[in-house]
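Structures follow.
Heads up, the next two complexes both have chain A, just with different partners, chain B and then chain C.
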Partner chain A sequence: MTDTARYEVRRVGPASTRGRAFSGGSARYVYGIVPADAGEAVDLGGVGLDGSRVYVVVRRRIGALVHDCPAEPYDSGGDSVVAQWVLAHNRVMQLAMARWCSVLPMTFNTIVAPSAEKTADENLLVWLEAEHDSLRERVDNLEGKAEFGLQVSYAPAVILRQVAEEVPEVRRLEEEAKAKTSGLAYLCRLEMERVLKREMEQRVRELFTTVYERARACSDRVTVEKVKNDGSDLRMAANLSCLVALDRYRELEALADEIAGHEGQTVRLVGPLPPYSFC
Partner chain B sequence: MAAEWVHPEAGLVDLLDRVLDRGLVIHADIMITLAGVPLVGLNLRAVLAGMETLLADPQMREWDARVRARAALRAEAVEALVG
Partner chain C sequence: MNVEIDGDDLRTGLLGLVVALAEIVKETLKLQALRRLEGGSLTERELERLGKALMELEEAFERIKVELGVSDAVRSVRGGLDRAVDDLVGSLVGAERS
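The block that comes next holds the complex of A and B.
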């Protein structure tokens, strides 16, 4: 990283929630890094947070998408405000992907401050220069690629029915239970439930493995996310983020459709997104 | 059934964690640090994850109960069918 002695460390306490409707200020909110050429002056207009004007600060072959802001982090307890900020940050990244075919997104609230000797722009340019080669290599590697969220869920009731129909051990236990006295039948049923649960868990693991392997086959990279359940009857078996090249989008879509074609399985495919999970 | 294809602009829940928690993080003194500042969107994330949080702990028990209930139903159905 850059020589820290040159910069004044700024620590900002809990921020006020005062309005920021008008962009402007001594600091620079950085959305992301794009491949750019020196002299390329790009103004994306008021597409940023709270309608801020977003423009590109270029250093050699690297550009930072920024807007002017006060030297304090964005902070709000208001859900709708945060939602609007998140959507705006994403919109800027989407515009960048469309224009430059590559973007390295920054995390939310990445703000370059002015220091005692330098303006925020000067600090940003020094940082871009220091990190130039590494940043350029990373945006080049992301060219023409986007992130997709692939979430596969299953209906436990349907899988359970399939297990009951297809696993001989379950059928055998059912038959045994019928032939026995109530006490022994109860034990048979307990055993049957244990087998059902084991087989079901096995199928869910297999579903995950299949989805993961097939997604990997058409992606540059795949990361496994925590499964999320929304309280519906469905259970999530796989939650993946896939980095996919432009010419392979169709393969991932076809995979999603194929998985969704199986009874009891549903698929959400979100994207193309900026590569937030692959920075 | 075809996969549900969510347009990138549509899924706030998909964007929230990615935009707030991922992306490149710069560790340099020129950055404004967030010491003492609560994480943005904590509340919103809690709301969107609300159901999940409720289910997180009793999830296995609930699943177990459901499996047992279905198994009993299945056994009854089979009995009704055969017997």
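The block that comes next holds the complex of A and C.
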């Protein structure tokens, strides 16, 4: 027995007939979840992976953005192919954001396959029904919001110079080292290095806290990502993902400008992105 | 899969590891020396000798690394250790947060 009698899959237009390696198939690749009203049927056209036709499978007040695919993960030996797929996935998310003002993105390669008793559409609908309230709540919470990546880096050499100029202890140790015999001077320099390091760490911590607090003030939610260093002369102090209401984006932009206005600090602000970090 | 080990690579890697570990011991000695300096328990003469010994140790390390041609290997071991510690601390902090 299946649930088909209770569920209805809505589609518009005939399945795409364009010749593609991944066109058609018994499984459904799921891009994300959008708010929907029963009866609403949407076809976004061939905007998906490899030009697949993306449409919405609706269950009550939520819809899953899908395309038809074989029941196996997208797997390619070539990085450039995978990059194309990920870009296509992202493009669908951007389209969904523009159209519904809200999308709960799924991870790349989320595929609902048919099982022994049920087709992929039936399985998808069972899942949408089971998770309906929670999915709708999450989609509603994301309405009108987008993710922004805020990365703040600093130039250690500049911060060190500032510390050396501003912290009296450093200057005192420097003077002391000049006046002492070699062994003692060496110890003074070691001590000076330690003070420099401690002060610098303190400043980087303060920078992080300031950025985090200020970002939180204009965001709905902020998650702290791991800092990444790319081997350049810059070190990252804060790597944040911010969920921001689109009408408050200017505040985040102003914050980024302000941080970048300080000597030795650089800022990277990326977005609006689909809320990948908040789903 | 066969792993091919080049004799020179093995030597450099192993020596690099040994020197990197010895360097970490040296850093600990430096920290201890600074504690003594702050503690004020040593006379100026003792501090002078301690400082000089550390300075010579530092120079000896730099010389040894150049002579053995392991400067890069040492840097790589220490970079790897730093990253491992970062990851460990990150995962502990992460576990606490969630």
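Note that in this section the second predicted complex is superposed on the first by the 257 of 279 C-alpha atoms of A that agree within 3 Å, B and C clash if a C-alpha of one lies under 4 Å from a C-alpha of the other, contacts with A are read in each partner's own complex, and residues count from 1 in each chain.
One rule holds for everything that comes next: a contact is a pair of C-beta atoms (placed from the backbone, for glycine too) under 8 Å apart; a residue touches a chain by one contact, two chains touch by 3 or more.
Only a predicted model underlies this, so the values are computations on that prediction, with no experimental measurement involved.
Of the two partner chains placed by the overlay, neither chain B nor chain C lies in contact with A:100.
Once the two complexes are overlaid on the shared chain, A:192 sits against chain B while remaining clear of chain C.
In the superposition on chain A, A:157 makes contact with chain B only, not with chain C.
When the shared chain is aligned, chain B comes close enough to touch A:109, but chain C does not. Applying the stated contact rule after C-alpha superposition, one finds that A:89 touches chain B and leaves chain C untouched.
In the superposition on chain A, the chain among chain B and chain C reaching more residues of chain A is B. Once the two complexes are laid over each other on the shared chain, residue contacts for A:273 go to chain B alone; chain C is not touched. Using the contact criterion defined above for the overlaid structures, shared-chain residue A:33 touches chain B, although it does not reach chain C.
Legend: residue contacts after superposition of the two complexes on their common chain; A:182 is shown touching chain C, with no touch to chain B. Of all residues in chain A, only 1-2, 4, 7-15, 27, 30, 32-33, 71-77, 79, 82-83, 85-87, 89-91, 94, 104-113, 115, 120, 123-124, 126-127, 147, 149, 156-157, 160-161, 164, 174, 177-178, 189, 192-193, 196-197, 200, 228-231, 235, 253, 256-257, 259-261, 266-273, 276-277, 279 touch chain B in the complex they form. Residue ranges of chain C in contact with chain A, taken from their complex: 30, 33-34, 37, 44, 47-55, 90. Listed in rising order, the residues of chain B touching chain A in the complex are 1-6, 8-9, 11-12, 14-16, 18-38, 40-41, 43-44, 47, 49, 51-52, 54-55, 59, 63-64, 66-68, 70-72, 74-75, 78-79, 82-83. Looking at the complex, you find that chain A touches chain C at residues 181-187, 190-191, 194, 226.
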